[in-house]
Every structure is written in structure tokens, then in C-alpha cells.
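After this come two complexes, each holding chain A, first together with chain B and then together with chain C.
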Partner chain A sequence: MTGYPGRVAFPPRRRRLGFRIAASLRHALGLPMLLLVAWGLVATRATSQFFPDPLAISQAFVDTWVGPAFVEDVLPSLYRLGLGVAASIVLGVAAGTVIGLAHWLRELLEPLLEFLRAIPPPVLIPVAMLLLGITDTMKVVVVVSGAVWPILLNTIEGVRATDSVMTETATSFRVTWWERLRFLVLPAASPRIMAGVRQALSVALILMVISEMFASSSGLGYRIAYFQRNYLIAEMWSGILLLGLVGVLLAVAFGLVERRVLRWYHGIREVNRA
Partner chain B sequence: MPDRSTLLRVEHLRKVYGSSTGDVEAIRDISFSMDAGQLVCIVGPSGCGKTTLLKCLAGLLRPTGGVVEMDGSPVTGPSPAMAVVFQEYGRSLFPWLTVRGNVELPLRHQKLTRAERHTLVADALAAVGLAPVAGSHPWQLSGGMQQRVAIARAIAYQPEVLIMDEPFAAVDAQTRADLEDLVRELHVSRGISVLFVTHDIDESVYLGQRVLVLSQSPTWVQEDLAIDLPPARDQITTRALPRFTELRTHVYDQIQRAKRGQVGSPPAAP
Partner chain C sequence: MRVPPARRRRALRKASLGVAGLAGFLTVWQLIPTLGLVNPQYLPYVTDVLARLAEQLVDLAFWRRLGSTMTSWAIGLTVATTAAVVLGTIVGLVPLLRRATHTTVEFLRPIPSVALIPLAVLMFGIQQRAALVIIVYASFWQVFVQVIYGVADVDVVARDTARSFGLPRRRQLSHLVLPTALPYLMTGLRLAAAVALILAITAEMVIGNPGLGRMIELSRSAGDATGLYALVVVTGLLGLVVNLVFRFIERRVLSWHQSVRGEEVW
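This part shows the complex of A and B:
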């Protein structure tokens, strides 16, 4: 028999990577640069001390965050955030898979889950403080209490929507329970799971900051609140800038992971568009 | 064929779907048997319960009455002696696995060494002509090639009977002819028994050694027709034979009568 290698579709070749990176950087940074310049111009004329000029903020940024503060405040924050996100993913995917697979469990839990999801997580901070004290565990619990929902609900939906023909195929070939989970249910749900994780990341960042503002002696949220109370305005702004950067870095890291995990998914969409 | 053993035996199969608006009788009474090494086509008017029948045979649906026996033992669930090729290849192959991964998946739980498994996969892919694209993903292939992957997956599973549910309904005519010849070739060279469900009359006569014509729903076997064409089939010469035309006219006629419900009386419902 002969093969048909000529009819295989391959993704377009990447040409001149350096050029592409330069072009995308120009697009990504062009507008922010413009705004920065505008801000600088306005700040030199303005008299309000609450809006220092960009140079003062960048000076404060370097003075504040480069050095021991990185270890004392940034790393603990990132640690809590990372732990909270990881726990949310594990918990959300595990529980979501179980609930998504068991019809009766889903019907039983759905109203309850809707209620729990509707509670704004910050109101749990006082409760968590009472139960767990002012600890890292408390902050991680608060992060999880908000970040787990998008992952859990998306996983339930994704698992539930597994294609019936694929399920029948797996049944007819007597694929074992574990293999079914590993090669059918989880990959089939992965686009929804990743969408849930993307939402969870931004929720987790918010909750990390809020929980630190409430009750903490370290961390980004604590530090920003501290600067604000002591009228260290440029330092306060630099903390906000750092938070924004953390958010952007998270999104970039997530994008890289997602591209790898969902390569097949994006591939299909590309083929369908062509 | 006296020396051949009965592979698949179906007796008084009946399937009724229960629903809130009343029960729907999809299959009334189907009986037939199939010998090892045969290629049997099942053809019938659309909506006659072909897919229901096939799912009952493959152990994916529990029949309401009657028995399905494989090698003398009743089928109560999916059997390792059967492999199914579904019509919707796009929904039957897993897009996150490569071609090789798809073919390999059903072998993972079998007691095979890694080397044996790889040999089976490579052999099956070579048999359907897909060895060069083993590392591609199914969605990178054309429809006909995707259905070849599904066929490779089924033969790597080493079943005694290959059950095919309108496998070529969604591919274009030329690809379809190629795939028909592939099925004939696998049947002859590997001695695999094939049960081929189709709504295409020409296809059933061209492929089969026997054609079972089903009635309209609620279904029974309207005719069990032996196809006395020479075993070596060819898309051009076989289809040009006067006997081929006679047979396809006969089957066509039977199906038209089935559609009009003009055929005899169905066996009394048990």
C-alpha cells in the first residue's frame, strides 16, 4: 500500500523569528509608552502630591522592591498565590471530574454550588481569621475559596459534555476506567478547564492582595496599604505597578502552558478556519 | 460452507425503547447467523434501526429480547472479539492523540509487551497505508484517511469480527471506492470476518458475500441473499457484470417494497 504524505496539513512555518518578536513588542509596548510620556508631561504641571511623575515612581520602584523587600514581601505573596492557585486547580479538577461524571451527584450539588459561588470571597476573610488565625494557611484558604469556583464549574461542564461517540468508542474497545479518565475525559474537558484556570488566576491575584491588606505583616497587599497609611505615595504607586506586572507575567506564563496543553484544540480551529 | 463454524448467532433479537410518550419498537425480530471468515452486509431503508441492531450486537445496547451469541457464548457487554468502526470518524478518533496514539489506546490494557504493542500498531497502520503519518494528529488528515485510522485501530485490536456502521457514508465517492477495496483486501488477506452495515445498495452488493435486507422499522430480516459474484472484486469489472446489475436491482426492489411496507407479514411479535 502507498501512503499519502502529501496530503497532510502542517502548521505554517515560522520565518524570521527575531523580526516577529520585534514587531509584537512594538505593538505591545507602543501605547503604554505613549501614555507614560503623557502622564509625565501632566505630572510636571500638576500640583497634587498624590500623582507623582513616572520618574519618581520608577525611582521608588527600584528603592522599594529591589533588595530585602523582594524576599520579605514579594516572595511570600507569590508563594501564597502559587499555593492557592495550585490547590484550586487540584481541588477544582478533582471534584469537578467526580461531579461531572456522576449524574445524581451533579443534580444534588448544583443548587448548593451556585449558592457558594455567589458568596463574595472577601467576606470569608473575617471567618477565616477566626478559624485559622493570621497565618499563611488563612490567606491560601481565602484565595482557594474564590479561585476554585471557575475551575470547578468549568470542569463539571467540560466533563459532562464529553462526546457521546467518543465515550461509546472507549466502551466498545473496553478501555479501563483509569485510561478513560486519562485519555478521554480529562483531555476532552481540557479546553473548559483551561478557561476556568484563566479566570481563576485573576480572582486569585485579587484575593491574595485583599487577604494581605486585611491581616498580614508581610506581602504586597500589606506593603501597599502600609505605604498608603504613611503617605509614601510614590512607593504606593510602585506597589500597584508591581502588582500589574505580576498579573501580566501570570497571563504570559498561562498562555505558554495553554498553548502546549491545548495544541490539538487550537490546531483543529486553525484547520476549520482554513 | 460446511466446514465453517458459526461465529455470530443472533436469535429473535428485539429492541424496544421506553419513553415517556410510549414505547417505540425499533427492532421486532431479527435472526441470522454468520460464519467465521464471512463478509456480510446489512442494508435497509433509512431509519430501519441499523444502528440499533449494530449496538445490540456490539454489546453497547441491551436488547429487550432474544440472544446475541459470539463463539457460542452470549454477548452481555462489549466483547474483545469485536471491534467497531463508527460512521462519525471525526467523533470517534481522539483529536488530542496522534494517529499512533489512537491506534494504540485500545491495546494499552491488554497483556502485551511494549514491543508487541508497537508491532501491532505499526502493522495495522501499514495495512491501511498510513505508516508515514503515524505521528500526525487525526484532524491534520483528510476524511478518508481519518476513517483509515479508525480501521487500523480496529484491526490492531485483533478482533474476530469487524463491525462497521455505515463507515463510508461521510466520504466522497472516489475515497469511498478506495476504502471499499481496502475492506475487501483486509478481509481476504487477513481472514477477518466483517459485518458491514450500510444504506448504500451498490456498496452492499459489491462488498458482501451475503446481503441481509432489513425491513422498515419495526425491523425484521426481509431477505438473506447470497451474492454469487466471483470473489475477486474490482470496482470497474465487477460493477459491469450483468449479475451485479441483477443483484443490485433485486436488492433495490426489495428495499422499495420494504419502504412501502408491501412485504409479507412480519413474524408475530413475541
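This part shows the complex of A and C:
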């Protein structure tokens, strides 16, 4: 027990389960509901045509995205996004492990990587268009060129920070190179790698949208820009909403994966904290 | 304090290896069009690009465009940081607000800021204000989330001690909350500075308000590959400078903090 002297500890008051669920629901949904209602009120009162009311947006959402548009615009976008993220993870972890393990290589590449990482990724869209033309490959390359950096740099850091006692133990026991990679280096680096992947996901989503706004005839980014140019305001808002949903779903899915992959790590942290 | 020779030698080795890495990169870049692997029209010679870069540096128009990009960056970053610090402190200090805003924040934060570009264009037209909306939106969350975490991270014992000694509210803020939240705030600020720069340039590319981003888009549509690559190098250098400056500020402001002091011992 780590109670403070002088503070009397009461057992937590037991409320009924239903009451507690209601309270947490109220916290989770209260403010969004309030904001929605406020938006609706403002939208119906105001004369600005740029803020349609939530009902119009949700109607437009159903009309626009449920149906063939889902197959034509949403799925290709998600496919390119997924391909880009997967390529970034493979590339970033592989290169990061090699660079992290070799001291001289790290020193050789550090300033270069610092510079390449500092280039704002959207700037590479025109470059990729020059080199690859307006193709799907170009969009995937753009996604990779932005999303690979957080993964690469975090992997390097994670590999470098492997516990030296464990490394020496592995050497003493003559653990083979492959086994060492599989059971020591990659697990030790995995918390950092996952942190990198989390950053990479949001970068990748942004790059997917921009590359489609620039050079595409399909995809979410293209659709939203198209709606804006044609003054289809409610449809444009529904596109923004859809992008938000994609972002939230990605974050949730990643959270689940992370908890699964890093279960041992969070377990250790909890034991240490207790 | 004298630097021990072994350490100096290691630093020298590191610097020369780093320079070798950069030189190697430039050589490879030069060789690719020279050997005809890629048409020089699409990947110009590095010597041409560097020459163009030098030309730009003495061109007043270039500096004016750089100035307008950095102005949007500075205004956006300042507005976002101020709003995020004020709101983050309030939300972070009041548990009820923290619980109530959680879902809203978690929904709004992952919305890619570029999704708002069409909306910003509709509202403000092709102007700096449209770019500012995007910059502020993107960099706000970086700082806001960090400030909330930082403010909520105050040590329980320290807080109870301050309360027992009857420390007034204002001094609790300045002596307890501020030192705890400062490292978080600096991290958020560093991230926000980089994000704001990225979006300042992106917004100019997509929206077309004057600045480096529009220049990049113009050189692309004009087929001026050399100019395009020179500008990409410029944006990289700009990002590097912003990064280094904010890292320096962070170390300066947090010189008393364990994370920075710990580094200097090594």
C-alpha cells in the first residue's frame, strides 16, 4: 500500500453498473452531441452557404459514398495507402536495422538522413510526377517517401538502444546472427518501431490525399477537390467527414495491433510502475 | 573544460564520415544522369542544380517568396501555439473537461489537415488566410495534446505538498504546473514547427498563394526540372534549419531538466 498518512481511504463507493455506463457514455458523447446541435443551429440561422447543416451533410454522405463511388474512389485510395504503408514498414525496418547495427554506417549516413527527412514530403510529389509520370506507382512512391522516415529513424534508435548486457550475453552464448536479430534486436526495438509506424500512418494518409488532389482522376483527394471546384458544398463536407473517419479507424486499428504486438512491453512497464 | 583527445578524435571521425556520406550522395546523383540511367530532363545534374541554387540566393524575388512562406509559418505557429497552450492548460487542469473532450479530440485530431484545404479555399479564396487555416489546424493538435499530457503529469506528492502549504493558485501554476509541462510543451512546439512548415509549403502548392510552394508548382508545370530540384533542396535546408533552431531552443529552455542534463554528462 502506498497510501499517504493522514489521508483516510474510503472504499470506492459502488454505484450501479447501469449508472456508471450512462456516466461514461455521457462523457464520451455529450460534447460531440452538443457541438452537432450547435452546428445545426448556427447553420440554419446563418446565411453562409459554406456550412450546411449536419443533416444535409449526412444525407450527402450516404448519397455520395454508399454505392459505386466506394469501389471507384475509396478502395483505390485505401489500396494505395496500404501498399505505401506496408512498403514503408518493410523498407524502414530493414534499412533501419542494418544502419542501427553498423556503427560506421550510421555515422556515414546521419547528416544525409537528417537532410532528407527535413524535406517536406509533399514537395516530392512534383519530383515523383517528373520521374514516374501520373501513375499509381508514383502515388505509392510519394506515400513511401514521406512515411518511411519516422519508421527508419525510430528503428535506428531502437536497434542502437538494445540493452548492452543482453547483447554481450548473446555474444557469449554464440547466438547466431539470425537468432540474435529475431529474438533480441527486433523485440528490443519494437516499441520504438511501433511509435514510428504510428507517426508514419498519419503522414501517409496526408500524402495519399495530396497526391490525389494533384494528379489523379480517382480517389478521395481527387473527389474532395472536385466537389470544391464545382461548389458541391455538402458533398465536399461529406468527403472531409469520410477522411476523418478513415483517420480515426486507422488510429483505432493501429492501437489494437500495437497493444497486441507490445503486450509484453506494456506488461513490463506496469510491473515496474507498481 | 578541455575536451579529452579520444573524444575529439571520435567527433572528428564522425564529422568526416558524415561529410563523406553527403559527398557520396551527391556523386551518385551526378552519376545517374551522366551514365544515362535517367534522362537528365527528369533528373538534372547535381552541378546544374547547385548552380541554380546559387543563382537563386542572389535573386531578390526568391527571398521575397521565402519571406512570405516563413511569414505564414510564423503567424500560423504562433496562433496555434498560443491557442493550444491556453486551451490545453484549462482542459488539462480540469478532469471533467478532460473526460468530456476526449472523444472529440480523438476524432478531430486524425482528420488530415489537407482535407480542409478545399474548405479553406472556399472560405478565403487564394489568399494567405486560407493557408493559415490549414497551418493552424495541423500544428494546434501537436501542441495541444502535449500540453494536456504535461499539465496532467504533475507529481501527486508535489501537488499535495503545495496544497498543504497553502501555495496560492497563481504560484502553483508557475512553480508546479509550468516546470512539469515545459518539456512536453517544448516537444510539442518542435513537432508543430516542422508540421507548420510542411503545411505552409503544401498549402502554397495546392492553393496557390504566393511563396516557395507556388514556385515549386510553377516550375513543375513549366517543365523546369533544374529549378524544381533546386527548390526541393531549399525546402530541405529550410526544414533542417527549423529543426536545429527548435532543438537548440529546447536544450536552452530545458537546461535544468534531467533529460538534457543527463545528455551532457556523456
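Following the convention adopted for this analysis, the second predicted complex is superposed on the first by the 244 of 274 C-alpha atoms of A that agree within 3 Å, B and C clash if a C-alpha of one lies under 4 Å from a C-alpha of the other, contacts with A are read in each partner's own complex, and residues count from 1 in each chain.
Just so we're on the same page, a residue touches a chain if its C-beta (ideal position, glycine included) is under 8 Å from a C-beta of that chain, and two chains touch if they have at least 3 such contacts.
None of the values given here were measured: they were computed from a predicted structure.
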item: First (chain B), second (chain C), both or neither touched by A:V127; value: second
item: Partner chain in contact with A:M138 - chain B first, chain C second, else both or neither; value: neither
item: First (chain B), second (chain C), both or neither touched by A:P187; value: first
item: Which of chain B and chain C A:S172 touches, first, second, both or neither; value: first
item: Touching partner for A:D163 - first (chain B), second (chain C), both, neither; value: first
item: Which partner, chain B or chain C, touches more chain A residues; value: C
item: First, second, both or neither for A:I151, with chain B first and chain C second; value: neither
item: First, second, both or neither for A:M236, with chain B first and chain C second; value: second
item: Touched partner set for A:V271, first chain B, second chain C, both or neither; value: first
item: Residues on chain A lying within both footprints (that of chain B and that of chain C); value: 4
item: Complex interface listing, chain B residues touching chain A; value: 58-60, 78, 80, 82-84, 86, 88, 91-92, 94-97, 105-106, 108-109, 126-133, 136-137, 139-142, 145, 153, 157
item: Footprint of chain B on chain A - complex, ascending; value: 1-5, 7-10, 163, 165-166, 168-169, 171-176, 179, 183-184, 187-188, 190, 264-265, 267-268, 271
item: Chain C partner contacts - residues on chain A that touch it in the complex; value: 4, 27-32, 35, 50, 104, 107-112, 114-127, 129-131, 202, 205-206, 209-210, 213-214, 221, 224-225, 227-228, 233, 236-237, 239-240, 243-244, 247-248, 250-251
item: Residue ranges of chain C in contact with chain A within the complex; value: 13-14, 17-22, 24-25, 38, 42-43, 99-104, 106-108, 110-119, 121-123, 157, 160, 194, 197-198, 201-202, 205-206, 213, 216-217, 219-220, 225, 228-229, 231-232, 235-240, 242-243
